[in-house]
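Shared between the two complexes below is subunit A, which has subunit B as its partner in the first and subunit C in the second.
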Partner chain A sequence: KDLSLLQVQRGLYDGFQESRRQILLLKSDQKINWIGYAVGNHMAKDYQKCLHILDTFIKTLDKDKVWDYQDSEMFLYRNQILEESGDLMGALKDLDEIENDARDKQHIWFRRATIQAGMGDLASAEAGFRKLLEVNNENHAYHKGLQQAMGLVPDSEGKYTEMQIKTLSELYDGFKAKWKYCTYAKRFPLTFTHGDDFKARVDAYMRPKLRKGVPSLFRDLKALYGDKFKVSVIEEFVKAYYANLKSKRRFSEKDEPDSETPNVFVWVLYYLASHYEFLGQYEEALKLLDEGIAHTPTAIDLYVLKARAYKHLRDYQTAYEILNFARELDLADRYLNTKCVRYAFRAGKVQDAERIVKLFLRETDTLDSLFEMQAMWYEVSAGLCHFKQGNFGQALTKFYSVEKHFEDISEDQFDFHTWCLRKSTLRAYVDMLKYQEVLRGHRFFKKAANNIIKVYTTIFDKPQKTADGSGEDGDVDMEKLTPKERRALKKRQKRLAAKAKKKQEAEEAKKKAAKDAEDAQKGTASAQSEAAKASTLKESIPDGKKYAESPDPLGQATKMVKELQLYAAKDIDTHIAAFEVYIRKKRCLLSLQALKKALKIYATTPPRDKKYKHIPTHTTTSSNKTPNPTLHCHIVLLSKTLREEKELDPLVVKICALETKAISEFPVGSKSLTEFNDEFLKANSSSLKHRVAAARCRKLLGADDDKAAAAIVDDKLADVAADLDSCVEAYEFLKGLKLPDKAESLRSIFHKKYPITPDFKPPASKKDS
Partner chain B sequence: LNLNIFPVTYNDGFYKDVVKDENRDITKLVYVSDMLVGAICCRFEPVNKNLKRVYIMTFGVLTAYRNYGIGTGMLKYLISVVSKVKGVQDIYLHAQVNNEEAIGFYKKFGFDIIEKKENYYRKIDPPHCYVLSRKATPLEEEKGEEDKEKKETEEK
Partner chain C sequence: MVNIRKATIDDLLEMQNCNLFCLPENYQMKYYLYHILSWPQLLYVAEDYNKKIVGYVLAKMEDNSKPLHGHITSLAVLRSHRKLGLATKLMRTAQSEMETVFRAEYVSLHVRKSNTAAYHLYTKTLGYEQHDIEAK
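Coming up: the complex of A and B.
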């Protein structure tokens, strides 16, 4: 039995199936063993056997008793097996049979309608979904099902035909009339209508929400912002509302003056500011927000938005200060508290962040309790902050904590194996098993893993830096000293280390003595268990320092890479990270593999600003025309390594050469890399991001600083398309070269464009950090 | 809120007073659409063993939200609450002499000027103020309702 538990825990389903069979043979009177074997078959995809088992088992049940929840679950589970095995007809018939016995009626109707749609019986499916909508008219799945059944699905680009639009409009106007409060019926039409119809609808949609003061209106409509026409329509309307409300307290010229109360003005202003902020027009947004704050200084959302604008402009200090002010307006608001903690970390204010987060912890809790609570948002936030400040040890502690949580989640499923089989909650159990297989695809894990890799590569690139940031002796170059000096230095370091250790021990002893005294007062039993709990907790938190001092950072990084490749294979970031690790290890084949994957992913996804990531993409078959600047750098690096690295296995070089010949993004044959890079620059000189990439490559290929800089700065700089991130990148790069004049002139150009961003502020006025 | 509405600043002691239990019923905040727009802060001041007065310390609504009946609502609420408390001599407050809007507003509710204090304020101009007061009687409409209630209980 234990073996079977372990097997299902580890996902070794074939073994599980076999073990379960053995158990059943040994003890066939226990219901749980029958079910266990059935599940085993299911997971091993042996559907026929599974059905057979279930049927045999069902025959043994007492036919006259009233089916309870457990039995109902089993019937539904059996039905699911039928469906998964592909026997849709059988599943459908089965649904009819079990309808009276099963408890979850809505589920049955839903499955029936879905199967009917899948089998092409659209009329019944449509009727089925309509019936479901009568029960719950907000369920998106039901709506989507109905749309599919009626053939009202958009094409691969997300567009609807005229006929579809007409039918959809009629359908949803009908629903709107029938169900007054159905939000889906009001919102969904905005997605498929356009032109004047859209104009009228969006106007009618926004007004009541603005009147009511729904702060999430912008978030709601953000999904429409992929469509330029719709964006301009919305902007026109909201600007008109703003003007009219300001002057005459009404929405538009057609309304009576004073038809709206002053608070509506605040919400309209908030929407307009959100709109500008999203589109990157920060000056407008901030102007509006200041006006709003003068109007109603107690409207907390205005401050939050203002802080967000500063965050986007990279002025993290000011953003934090504003948000903190907002937080203090309402200390009972947990959302403001957690947001403020994140902003504090972004601004590098570790102590403030810790202080603020403590406000919402219990009085007996320490920061370690956050680990117990698996508060991954906190750990990622703190980790990024430490990384930025160069505290690799602490950063790794936090990131590895996240990894540990996922490990724990995976381990926790162990208890469910016996429990679920006993209670026959089979559908949910099987879902859970399937989820465990993709668990580490969760974005928190991806973030943590990607950052762990980044930390290790940074450590690898700068070996002199000690794990916690160098001590005073860290920068001394060991080779320049005479042996005597070296010994003296070592001795001194040893002495300092011993001193530090002694100090630490003394402190800890003192702490312990104090705690013991406290404990004696509190009563020993509970205090002991608390202390024991606290120490086991501390032990389970990963020790980042140890990781940071690991002699093989790349080896550790590779572990993370493998996880990501397994669970996040579709993300381009995974492969870029993999490349970074493998190229440093000089494993050219693996680097090439990662690069290939990255190129492939990039080719099929249209490039766009990450702010549109909430709008689902439609993978285009037409390949991407503009090359990815990061990948270009990688190509150059790999090619250079292949050509120049002495210690490579000649077979490896040969294979790589063969492969790269087939990839169009690589330079042809023995073309000079410098030339290749120059061509890239010429073809993409209108984008600052690409220029910076080309500049990096030049430096990599050994060009002098001037030449490298010339890639970025030339006469046509003013026409170049650049967003804030690429400006910062360009400036940082130029600063890294020894060309202070060029850097300075670039800085002042960017400063004019982004006066708030502290990276571009003149050095004299920069505050000491 | 007070920073925005009033020309005088109040220190922390003021705010501590405001949340005292005994002052709970006569200190209120007003929200519109989840945004704080108005507030009234009062306290009880004993005159002797049996008598006390109600002092209005701050009373205000954000500029944009005035003339919508919020202030009226706050004052009516205060008057009705106070009129049910025993032993209240009057409700009184200070208003700057040039604050015609405020003085007119209170007069509408039966407040009278009972005194003028020279140089009451330190930092604003004009530094003088009026003391306005109103007996702690219920408002007319409420009085009518109360009398009706009394009659009904008597008849029973």
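Coming up: the complex of A and C.
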């Protein structure tokens, strides 16, 4: 039995199947063994046997029994097997048979309607989905099912025919009348209508929400912002609301003056500011927000949006200060507290972040309780902060903590193998088993793994930096300081260290005093278990310092690369990270393999602005015509390595040469890499991001600083498409060269474009944070 | 448009995250697994169009209770998504499933007396009656 538990825990389903068979033979009087063997067959994909076992078992049950929840779950499980095995007709018939006894009605109706739709019985499917909507009219799967059954699906570009629009309008206007509170019925028509119809509807949709003060209205309508017409319609309306509310407290000229209460104005202003902020028009947004704050200083949402705008402009310090002000307006709200902690970390304010997050922990808890409660949002936020400050040890502690949580969650399933068989919640159980195969594809794991890799490659690249992260100043480059500054820095570090030590001693004394008091009250037994608990907790928290001091950072990084390749194979970031590790290890074949995958993913991903990533795309096959700048750098680096690296296995070089010949993005044969890079620059000189990539490659290929800078800065710079991130990248790169004049002139150009962004502020006004 | 649907196992991490964001009462993942593997029909999420979980309800049945009743373990909606009636919808859905699937006779829950918004939701909107006061 223990063997079977281990086998299923590790996903060794063939072994599991066999073990459960043997258990059943030994003890066929226990229901759990029949169920267990059935599941074993299911996981080994032996559907027929699974059904046979279930049926055999069901036959043994008392026919007059009143079926309970567990039986109901078993019947539904059996039905799922029928469907999975491909016997749709059988599954459909079975649904009819078990309907009275199986309690999960929604599931039955949903499976029935879905199968019917798949088999072409659209009339029945339609009836089925309508019945489901009576139970839950906010369920999108039910709405989509109904739309599909009625042939109301858009084409590959998301467009509906006029006939469809008419039918959909009737359908959803009907639902709106029938179900007063159904938001889907009100909102969905905004998606498929256009022209004047859309205009009337969006006006009618926005007003009640603005009156009520619904903070998520912008987020709600943001999904429409891929459509330029709709954006302009919305903007026109909201600007008119703003003007009319300001002057005559009404939405439009058609309304009576003073027909709206004063706070509606603030919500309209909030929407308009959100709108401008999203579109990158920060000046307008901030102007409006300041107006709103003057009007209603307690409107927390205004501050939150203002902070977000500053965040987008990379002024993390100001963003944090604003959000902290908002937090203090409602100390009972954990959401604000959490957001504030994240903003504090982003601004590099570790102590503030730790102090603020503690406000929602129990008095007796330390920050370790965040580890205990698996607060991964905190660990990722803190980890990124430590990394940025060069505290690799602490960063790794946090990122490896996230990894540990996933390990624990994977182990959690162990106790449930027996539990689920007993409870008979088989469908949920099987979902859990399958989940183990994708668990680590979750965004927190990916973030942690990707950053672990980045930390290790950073450590590898700069071996002089120590892994110790005790100083608040992080890793200041000592060589760049004057002797006076160096003395001041050392003095400061000494003072901080002494302060920290004193604080630690005081805390420990305090803890000991508290513990002694507790011991006196409770008796030592329970106090000891508390201490034991605290120490086991401390032991399970990963020791980032040890990891950072690892003699083989790339080896450690490779472990994470392998995890990502397994669980996040579709992400381009996975393969970019893999390349970064393998190229440093001089493993050209593996680097090439990663690069190939990245290129493939990039080629089949529709090109879009990160801003619109939330809007679903309809085009399935579209290729990226412009090359990916990061991948271009990789190509150049790999090609250079293959050509120049002395200690490569000649066979490897040969294979790579053959492979790269077939990849169009690679330079042809023995073409000079400098020429290849110059061609790339010429073809993409209208994009700053690409210019920076070309400049990096020039430096890599040995060009002097002037030549490298020339890739970025020329007389056509003013016309180049550049977002804030590329501007920062360009400026950072130029700063790294020994061309202070060129860097300074670039800085002032960018400063004019982004006056708030601290990266571009004149050096005299910059304060050391 | 926010989607109200039954939670699947891959929602649990996001539910836990939502809970950590909003409430001081937090649970380890194992507790969420315990719920979904015992009463899968009683976990619902509110999902925004970009797949973010903005609200959830975590409920259970008090097995072997007489009369049989359900219990709301945890309910939360992100501050950014308030005033949409999501909490009400999540509660109503969970309550309905407790009745249909589990034949519950009534539902119980705990709420902090100082949490006026929640107290109002439960007593005025959803019709709960105060049964008892527990010391913290």
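Heads up, the rule we're going with is that the second predicted complex is superposed on the first by the 711 of 769 C-alpha atoms of A that agree within 3 Å, B and C clash if a C-alpha of one lies under 4 Å from a C-alpha of the other, contacts with A are read in each partner's own complex, and residues count from 1 in each chain.
One rule holds for everything that comes next: a residue touches a chain if its C-beta (ideal position, glycine included) is under 8 Å from a C-beta of that chain, and two chains touch if they have at least 3 such contacts.
This is a predicted model, so every value here is computed, not measured.
Superposition of the two complexes onto subunit A shows subunit B and subunit C fitting side by side, with no clash. Of the two partner chains, neither subunit B nor subunit C is touched by A:E328. The superposition of the two structures on chain A yields an angle of 50 degrees at the Cα centre of subunit A, opening toward subunit B and subunit C, reported in steps of 10. When subunit A is checked against subunit B and against subunit C, the one touching more of its residues turns out to be C. In the superposition on chain A, contact of A:K212 is made with both subunit B and subunit C. With both structures placed on the common chain, the touch criterion links A:E407 to neither subunit B nor subunit C. When both complexes are overlaid on chain A, the residue A:A428 reaches subunit C alone and has no touch with subunit B.
Once the two complexes are laid over each other on the shared chain, residue contacts for A:D552 go to neither subunit B nor subunit C. Contact with neither subunit B nor subunit C is seen for A:E97 once the two complexes are overlaid on the shared chain. Nearest C-alpha atoms belonging to subunit B and subunit C sit 10 Å apart in the superposition, given in whole angstrom.
Within subunit A, the residues touched by subunit B in the first complex and by subunit C in the second are 212-213. Every residue of subunit A that touches subunit C in the complex is listed here, in rising order: 69, 72, 103-106, 135-136, 138-141, 181, 183-184, 187-188, 212-216, 219-220, 223, 333-336, 338, 360, 372-377, 405, 408-409, 412-413, 415-416, 419-420, 423, 425, 427-429, 431-432, 435, 438, 442, 444, 614. Those residues of subunit C that touch subunit A in the shared complex are 1-6, 8-10, 13, 16-17, 20-24, 26-30, 33-34, 36-41, 48-50, 78-85, 89, 93, 96-97, 100-103. Subunit B makes touch with subunit A in their complex at residues 1, 3-4, 32-37, 62-65, 68. Against subunit B, in their complex, subunit A makes its touches with residues 212-213, 261-263, 265-267, 295-300.
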